[in-house]
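Okay, so chain A shows up in both of these, paired with chain B first and chain C after.
This part shows the complex of A and B:
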């Protein structure tokens, strides 16, 4: 809605913002390839020759790959269970009126934006008493629980857009509720569900507090605590630090690059508010 | 009326008699009642009732059965791992719980908290960090409006602007502290202005600035998407009319765009205030470890130190309870106060 003349200015402004979001990635990649001494000479451009020394230095000193594996072990089940539970609950809330549905939904609204730390305090002590400290299971369950209320809220908003007549038609055809959920609601709402699932994945994968507090043995440490300790250990050895940050960024960047079409469209269609 | 055994029989006979004289509406109304009885040639009343009631019960069980089963996972998680622990936290905030033993101490924890200058400092820090919320809103709005101009490559820009959002705050924090190191890239850029060699992370205000900058950088992409999503619902005819009236770009932004998307701005404001209060932990942990002094210690970071490092669980419970209350009040206040709130549509 600006005049034709100022469109180049808009383009220029967008380029500047884009530099701010892309350059840090370039900086990480470029300096991962540099030696420490080359970094100190000129850290900002592209490297003149490539060395993979910082990768091997990192992998030798930090249990990087195992922490990546631990994150997958915790995050994937949590995302699947949270997304599925939310979808089922939201389906009942919107399409199958049931006695305690409203009460449950209000409970969810109340705790929707509750800081996770509020429940972590007693749970942490109980987990320790139960002898489950440093076990993956409690982390999976807590992440799942914390992501159900907001997930349900978002799904409910999306499911409401499905016309009741569609559900009615399927019922007249004799479909059971489970059948309707599986073969009517899920296909219609798939873009929204995928979008919410990706958002949940990013939330849990990138989270630090719970992973730091619950899992702190080398044999079960997740990715974010490992990354968080890098800047303390390699604060003076920027190339190794950057190698860690770059490797740490790859999983979520990859997920984003691969799903951007569906994900961005889902968010634009209002799936996330 | 079909609760009585005689109901179906009576109604099954009704259409026969008045069929010629009945007005069309009544016919329709009558036909709306148990039609299958008529069709099946009026079987014995009791058997009909029994069969149909049985079917209805079966249907109800199937229907209820599914609803309850479908709610079980969510209910177990929400009650067992959210609601019950919250109640425990409330209880323990009145005890001197250290993880093993716990004795009731009344409001002692809260008294200690409010006498503690560090906690006041932590609350003040949180208020300062709230500066990030209007910053995020403004940056998101400006970027969204610029993207919405649809200059060549706008989809690519939209894609690139969301990148900071998918990176962990841990990674963003480490990047930012690298950039703000003495002699780092920020110093290099600022040297021509005469600001080089600033020890950003060892002075309270500049350290807070770095945390806020990192927060804004990670958050604006999501804000942009939400606002873009709202912009598509604004009727272009409004802009055409405004153009005819000679309204300038700024005037159109202020008088059309912002009011039309106010519910999205409200949503962003609410979630960013919550995020600022509850999720700064990762940034603070990586960028400044709460320092210098306690100048960047957020409430969550303070809880981490007192509870998980020093084992004062009762005291920590009091801290997180106050945090929860603050978040709750801030959310309600924003929902009530935000100008021109529109009814949120079921999108």
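This part shows the complex of A and C:
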């Protein structure tokens, strides 16, 4: 219970949290509208003159649109496959009686605790040997594989809350394991699955190092390495970088707004606890 | 429709716990068989073995003429009602009831017909589009019943389906479940820990304890002729009073504490096995209704007791008393929390009997209905 006295304090604290979250976005959006010289004079507050020059500079300096497209080509299938595979794995680990299920789960968790960079270089050597360097498919597979343990771990906690008797009722009703997964588990766990899908999207969308190593030709470069090029060794054109970051976050924001209701339900139901 | 046959079935869990031990039991086609026993007695494990949700360690299980030990639940043609109903929360009432039929690819028109027929019987016609979360406990229970009914299965399995309902609704649904079962005529195995449910619903009742089947009989036979002390104390409420008693040589009388009760010839004729117990200690069982208040004490067939508490139920008085005999508690039959003092007992007497706590009263013993058990192993003494 929040007492009458502490209520304004809680409100104040929540306002501070909200401001600290929203301010970087406002700062980014405001500075895309400034010219470089205006930014150097004062980066704070609303711009006095609105200019869209940073957006045209962005498109001229780096292959922004093609990088955005490459990112979507890699991230979308990786998120879909990783999320569905995580859900299926979590279903098996929580509801299907399999021998050594627990052992397999812990083995999988080891991958989660292993830094991606440790496996990346050996993988790259193999991919290069197979003649698949600078190809989208290995990138999709690696992103998928690296995100499955994390998704499985989070979904396992959520699936445990589904009563075993509901699964047993479906078995007695005549469902195969796959049918039970599709018709019973997926609809019940939709909020958790959507939430974990969004988090996986964020993970891969913002990832830099793997994409830098696997897809380093301009013809297939992803968004993060492209934006990283805007940060120069001797100086950075901040408004142009901000324009890139703003446009680069549109897919994530769009995804969030499209699924906000389910996402919040998923967070509240403990999908990521 | 089919019968169910357990043939020397045992279930041992990987940790070595023996949940069910050497159970042989036949449930005939159309029969309502109730499995009853205290928590952890193995009754639910037995039911889940029929469903295919638990593996059988040794023994054979048949449904109809087929051995089903290795068949998956979906191939057994059984329907099950779960204790917590296990409804699909994202589906409406109609979708819940029709789910199994959709899985079996039954034509849509046929699914609609069967669902409508079931909801009509169960009084759920107005709730077809509701989700389980929008229903009351009683309505959810009916949806669970409907889901099992539309399947038209070979066997119905019910795992304590009424235990989550309030007392009034439980009585109502008890009658409803029995009516539906008789109407469908499908072999039904019903698990409960409530002996009133067992007695009122079952054609036959199987009493289990510690994974072992104790007795399978009609409710009345279980009540009148329990095979051991466990069944005697588990069936009947208030429970049967069990006391240590010394049979005198010749078995013409017995001594219970300091009091002597004469045994008529009819007792010895009905239980020839008693002859071997002359001069030995046995356990006697007296149902509370077999102790009547005696206006005129009849020598040799009454026990005197100190009245501790009188509970008036309207149609009868339940009189809690103590006598100077050693009370026996059958292992596993009493609730853990129940504190049983030496010599305690209960009698059910006429509501007009003038009994007051703190007084001494004489109870007439119906010696012909007295039960006798071996003090060593607890088995009933008959032939």
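As a convention for this text, the second predicted complex is superposed on the first by the 249 of 273 C-alpha atoms of A that agree within 3 Å, B and C clash if a C-alpha of one lies under 4 Å from a C-alpha of the other, contacts with A are read in each partner's own complex, and residues count from 1 in each chain.
The working rule: a residue touches a chain if its C-beta (ideal position, glycine included) is under 8 Å from a C-beta of that chain, and two chains touch if they have at least 3 such contacts.
From a predicted model like this one, the values you see are computed outputs, not experimental measurements.
> I'd like to know which partner A:172 touches here: chain B for first, chain C for second, both or neither.
The second partner, chain C, only.
> Using the superposition on chain A described above, determine whether A:163 touches chain B (first), chain C (second), both, or neither.
Touch status of A:163: second partner only.
> Applying the touch criterion given at the start, work out whether A:41 contacts chain B, chain C, both or neither, answering first, second, both or neither.
After superposition on chain A, A:41 lies in contact with neither partner.
> Touch test for A:255: chain B only (first), chain C only (second), both, or neither?
Once the two structures are laid over each other on A, A:255 reaches chain B alone.
> Between chain B and chain C, which one contacts more residues of chain A in the superposed model?
The partner that reaches more residues of chain A in the superposed model: B.
> After the superposition on A, what does A:241 contact: first (chain B), second (chain C), both or neither?
It touches chain B, and chain C stays clear.
> With both complexes overlaid on chain A, does A:187 touch chain B (first), chain C (second), both or neither?
second
> Touching chain B in one complex and chain C in the other: list those residues of chain A.
Touching chain B and chain C on chain A: residues 176.
> Using the touch definition from the top, list the residues of chain A that touch chain B in their complex.
Per the touch definition, chain A meets chain B at residues 1-3, 7, 10-11, 13-14, 17-18, 20-22, 24-25, 27-28, 43-44, 81, 84-86, 88-89, 91-92, 96, 98, 100-101, 104, 107-108, 111, 113-125, 128, 141-142, 144-146, 148-149, 152, 157-158, 160-161, 176-178, 181, 202, 205-209, 212-213, 223-224, 227-228, 230-231, 238, 241-242, 245, 248-249, 252-253, 255-256, 260, 264, 267-270, 272-273.
> With touch defined as at the start, can you tell me which chain B residues reach chain A in the complex?
62-64, 66-68, 70-71, 73-75, 77-83, 85-86, 88-89, 92, 97, 99, 143, 146-149, 151-154, 157-171, 173-175, 177-179, 185, 188, 217, 221, 225-226, 228-229, 232, 239, 249, 252, 264, 267, 271, 274, 277-278, 281-282, 285-286, 300, 303-304, 307-308, 313, 316-317, 320-321, 323-324, 327, 331, 346-347
> Quick one: in the complex, what on chain A touches chain C?
Spelled out, the residues of chain A in touch with chain C are 163, 165-166, 168-176, 179, 183-184, 187-188.
> Under the stated contact criterion, what part of chain C meets chain A in this complex?
Residues 51-53, 72-74, 78-80, 82-84, 86-90, 99-100, 103-104, 147, 151, 157.
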